[in-house]
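Right after this note come the structures.
Two complexes come next, and they have one chain in common, chain A, joined by chain B in the first and chain C in the second.
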Partner chain A sequence: MSKVSTKELIHTYVQLPSVYRENFEELRLQAKESLENTVFPTKKDEEWRFTDLKSITANKFESVKSGILQVSLELNKYHLPEAMNSRLVFINGNFSPIHSSVEGMPDGVIVSNLNNFSEHEQLRSHLGAITNYEDDVFVPLNDVNFQDGTFIYVPKQTFIEQPIHILNVFTDLENPYFVTPRVLFVGEMYSKATIIEEHIGLSNNVYLNIPVNEFRLYSGAHVHHARIQRDSKNASHISRPVAMLDAHAEYHSYTICLGAKLFRNEPRVIQNEEEVDFTVDGLVLIDGEQIADTHSVMDHRFSHGNSHQLHKVVVNDQAHSIFNGKIFVAKDAQKIDSFQENRNLLISDTGKVNTKPQLEIFADDVRCSHGATIGQLQDEEVFYLQSRGLTEQKSRELLVYAFALESVESMAVKSVEELLLKEVIAYTNRD
Partner chain B sequence: MLEIRDLHAVVEGEDLKILKGVNLIVNKGEVHAIMGPNGSGKSTLSKVVSGHPEYEVTEGIILFEGEDITEMDADERAHLGLFLAFQYPVEVPGITNKTLLREAYNTIARANKREELDPLEFEDYLVSKLDIIEMKDEFLNRSINTGFSGGEKKKNEIFQMAVLNPRLSFLDETDSGLDIDALKVVSNGVNKISSPENAIVMITHYQRLLNYIKPDLVHVMMNGKIVKSGDISLAEELEANGYDQMQKKLA
Partner chain C sequence: MSEETKALESLIGEDYKYGFTTDVEYEDFPKGISKDIIRELSSRKDEPEWMLEFRLKSYHAWLEMEEPEWFNATYTKPDFENLLYYSAPKNRPSLDSLDDVDPNIRETYNKLGIPLEEQKMLAGVAVDAVFDSVSIFTSFKEKLAEAGVIFCSISEAIKEYPHLVKKYLGSVIPARDNYYAALNSAVFSDGSFCYIPKNTICPMELSTYFRINNMESGQFERTLIIAEEGASVSYLEGCTAPMYDENQLHAAVVELVAMDHAEIKYSTIQNWYSGDENGKGGIYNFVTKRGICKGNHSKISWTQLETGSAVTLKYPSVILQGDHSIGEFYSVAVTTKKQQADTGTKMIHLGKNTRSTIISKGISAGESNNSYRGEVKIGKKAIGSKNYSVCDSMLIGQTCGAHTFPYISSENASSSVEHEATTSRVGEEQIFYLMQRGISEQNAISMIINGFVKDVLKELPLEFAVEANKLLDVKLEGSVG
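Our next item is the complex of A and B:
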């Protein structure tokens, strides 16, 4: 494939209304400059060699008009009971105040759309500070284009009890469009919060979703972060969630991939001081011709860090899963304990899995390990259940369900757990 | 109840014959023991009768209550009332004993046009069966065989048998790996389940199990065939003289 400039592909990226462009001008100008010189990735790039980007390159994406409020859109069924007063809703990237509800937050907490706080000192000093991906077009695309987003600020020793639900909803528009959701989270010392970030496609239309998340956790801050991707089955979703942790911070993230034709997730967690703890778990359930690609980085730059990654994948039909898990341990980052596990279950003869652990360790007193398995359901397991009277189909469903369950059970929020169980059942029962 | 006529079987896709003409009749209310050295085909027989897809029947027929089940799937055989207690019960992390058993019980009930049990009724029913193998309630909520000791796994097989109430059960080396206490619990359980309405076939290498569960008939299997049948004294003879001696005598 010949090289395509990003500008050609996403040809309207500079057409952001001037009222928004004046916000964060420096960030946007810088990003625009780097976009001028980038070409869109192809399979010739090492980091993209297994990932078919056709579902992006075959389309042209327009930006969505800002300021359109879809008041009549009924979203009640997507509400989480635990987050009735801690919900921010974005429809095609536009903040929808009427669908959102934030009440009763502890003193000093900010849970808001970005534009409402565009002059806030914490926002200005953190936005774009930790999102440095090499040779990258996607973060700059988000930088230039985001019209609004989420800003969460949790002051010192403050505990937000209710989970914060960030609901990104995508509707069917006339032409393929692209959106650039943005989340900035700043957790001060010994603060605590749970974030549920959800992406839902209401139709089967084509769109390109490019979310960027920045989670800055200061000393002792604790965050649970669930990401649920239920985009349209014809959408493409390229995600860049980054977390940076100071001493004694804990960050636990789970990404659930159910939708999108192409999903590329690049979670990064950066250990910025000694003694941190984090997890980067994932569950991928794909079928049809879906592609789900996770390129994760666990970056230990200082000593005494614990990290754990369980990435579970079920592949049906012609679907294709790609996993590349990097663990970096810097030269003087001793006593790191890091474990990575990628377990793949192939339930069709035509599914495909590429998995590659990548450990780059420059310290000598660390414990880092990884494991990757690709398997099918064992005949003996199926026979065992069948000999108890379950049909072969039911036996297989139950085994897939059990395989996926482990990830679902680690969800911090009850209704999310229930929602995912339903999704897992729907996936295994689809025939 | 069960009639096996001249049964020949191979591992699916291979030529090696494992069963070479087995004949066996089991009547309602009977307890049988099939003994034999390693590799004699006794475990294979139990798997072939329960419909393991790894084996292919090349000759012969299996009749259950007069119905030809030779080509039936394992679940259909279970619906008719066949049960296999596995030598190596499979671990299934993520599915609890309770979930499996309710699904199994209700599937079998549906197939036989009997009434299904709702979750509460089923819970009571399950708890009522726990005594049979001297297990506590929490056993029901553990993932199937996951992290179970060898003894717990075997007890779980007998528990499943008690819950599903099959007409004919094959117990494949249920005694292997059990210490004396666990063996007593498991045997007691089997004796409690055993009734004039059902039948049990024990597959075992050693005579030990037969001290606790008394068989009406003992069969010796060698080289893919039942070579001798008799009463309990046959097992005692084997215990005293070993399989080699018997093989020589038969030759």
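Our next item is the complex of A and C:
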């Protein structure tokens, strides 16, 4: 495997306009240094041993020049009716004020692009504070290169009624390019918000999407976070969403993977105080030559935590799904109830599934369990539907649809649920 | 903790020196490893030329390999230059009667229910005429020979049955397989060879035989078992009695070959010295064990009870090559004090309609770390295959750790894999319920633990299952509650 374009990506720092470079200079310099000391992963690394990174390493990605905005771009069809006045739109990683709309937020709430608040105390103290992935090149790549991003700040005891829609769209550019979307969310005590984060490829173009999300939830904060990945089928998407929870905080995240040639998602939820509750669910529907890889970490560092993970996967054609879910329970983190389930439906003979649920437990009074299955549709079920008059093909489609449905129903926003149902039907219908 | 428990604890954990540490007389043989050493070793064992070649080839492979570090364990790496790769048969000084044996040791033996005569053998007491091991040995041998079963030391087999050894040695675990297998292939001392001819059911559990005759297995043990078409055999290695050995590194290799409709059941009870309270000393148990279900409808089953050793790295595996073949793995791993165990299995499904079952129970206490690491792989051509795995861990105390690393992969749509794992503790309600019925806390816990591991222990040959239960009790005594 050729040694990779990381170096070229690194040097884009110098190309960043000084106005961006000077913002968060310390973070960027630190990241630059760590990039110089880490090598781009290969299959020889345990964490990457099943993941084929060819779709990244075979390309050279350019950074996207800021300031060139496609004003004419028609994005109405991607709008969510519930979030007409709480929408931030990023085109190829650049904030697009004309497509965005934020109105009628409660007092003190900030829903904005990062650059607008680059001097904000909360932003400065939180950005980059919890994203310490070990030996990682992708967070530093984002740190060095992000030009803008999303900043959401919810003050004490404030509820944001409408969901906040973060829409990342990717257009067709001449050469392969890379983008580094960034989200920083700070929820103060007993605040509540719903975030819909969406990535959409507008054509079949080649790009590398490296989003980094930081969700800092203080005591009692409550967040529902849906992530919908509909990238171009030629794109690569490496994501790093991290959440850190204080006492009584609740964080429920649902990642839906539909697009991208290579999708690697590394969600991490860190329990920072006692008594938290979180969910790290996922639904992966892949076909063709797609690779979808989820490496999640549920990190219980203190006592009394509840966590739940349901990761459902359907693999068709030559697609390849990888799952590695880690549950950590630190020493003295007693009374943890953690459950992880990975269910894989392999419906083609050429598809491939690798799964590795992993428990690392250092406290004795806990209940942690995981289950993983790889299987196909049951003949009895198919027969049952056929005996009711469905064709075999339709019976199978219906069963796959039913399998995927459970994950879709967890969506808090109606229009998102409908949108996903359509996607599921489009996936299952093979006529 | 009662006085008795204390005595036992120290005994199980530490004081094996009575009766075991002996003035071993080594022949004059240099330390370290080199081509010349291997030549010397081979010639002293009077081996044929091809065997020497096998060893030298393995040695070269070993030199090119790197010592693996991916285990979930930390330890000081062995100094290979400081090891002695050949030792002549050792002379144990004989004690006159069991009364000379340390009373603590005898107590353990009694607790484990080891028959009196065997106690003597274990403690190195001269065996009296009534229980003459040689005569038993001979009668066993006759019985086996009648059935056509070959069962002898591997050194003997190399001389007597070279065509069989040549054909199968290294066929399941090639010398290049891993670092420790390569080392073993280069310098293995001795071990057992077992060949069951076609359509033969081995007339006895080879365990019984083994227990009496294979006390000195050496540190680089090599075992090869071949079951021809329609043959079946059950084999048990190890012993519940605490074993002390002055060799710190144990790198054994076990290869099993099962032809059409053949069945091999391999059980292990391992209770090597596990080091003192601070984790000092103790055996490194780095074993490579693998079986191949070569024929259709063949079956290989591994059962293990791992309670000893300071560090255990061991993954008995089955390659399911024949159609309709079956692989099984039943394991109980217990770690206390500062023990570290990283153990599990691999089930590689290649043939059609192959089945595998994995049941692994880990119990960690003290400051120990217990990991299950397993792989289930279903190949493209292994259509209609099924795997079922359960790995449960139990934690006792707040300073130990339990880990699970199952790798699961499937490449065809007609197979199914199910894996589940749980980690929990002995439930307070369960203890309370039993105590309410007049059972002491210690006994209640022991009942619960026995229930936890029952699925595995029932796979052991009967007489060992009873001992194994007792061994668990002794091992965990004092660490619960």
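Everything that follows uses one rule, which is that the second predicted complex is superposed on the first by the 419 of 431 C-alpha atoms of A that agree within 3 Å, B and C clash if a C-alpha of one lies under 4 Å from a C-alpha of the other, contacts with A are read in each partner's own complex, and residues count from 1 in each chain.
Here is the rule we go by: a contact is a pair of C-beta atoms (placed from the backbone, for glycine too) under 8 Å apart; a residue touches a chain by one contact, two chains touch by 3 or more.
Note that the structure is a prediction, hence the values are computed from the model and not measured.
Once the complexes are laid over each other on chain A, chain B and chain C both fit without any clash.
Judged by the touch definition given at the top, the superposed model places A:174 against neither chain B nor chain C.
In the superposed pair of complexes, A:121 makes contact with neither chain B nor chain C.
With chain A as the common frame, chain A serves as the apex of an angle whose CA-centre rays point to chain B and chain C; its value is 70 degrees, to a multiple of 10.
In the overlay built on the shared chain, the residue A:107 is in contact with neither chain B nor chain C.
Between chain B and chain C, more residues of chain A are touched by C.
Contact with chain B, but none with chain C, is seen for A:379 once the two complexes are overlaid on the shared chain. Within the superposed three-chain model, A:346 lies in touch with chain C and out of touch with chain B [touch as defined at top]. Contacts of A:26 after superposition: neither chain B nor chain C is touched. Once the two complexes are overlaid on the shared chain, A:134 sits clear of chain B and of chain C alike.
Distance between chain B and chain C in the overlay is 13 Å (nearest C-alpha pair, rounded to whole angstrom).
Within chain A, not a single residue is touched by chain B in the first complex and by chain C in the second. For chain A in complex with chain B, the residues that touch the partner chain are 378-381, 383-392, 394-395, 398-399, 401-403, 405-406.
For chain C in complex with chain A, the touching residues are 70, 378, 380, 393, 395-425.
Note for the complex: chain A touches chain C at residues 46, 50, 331-332, 334, 344, 346-349, 351-376. Residues 50-54, 73-75, 77-79, 83-84, 86, 89-90, 92-95, 99-101, 103-105, 107-108, 111, 143, 160, 164 of chain B are the ones touching chain A in the complex.
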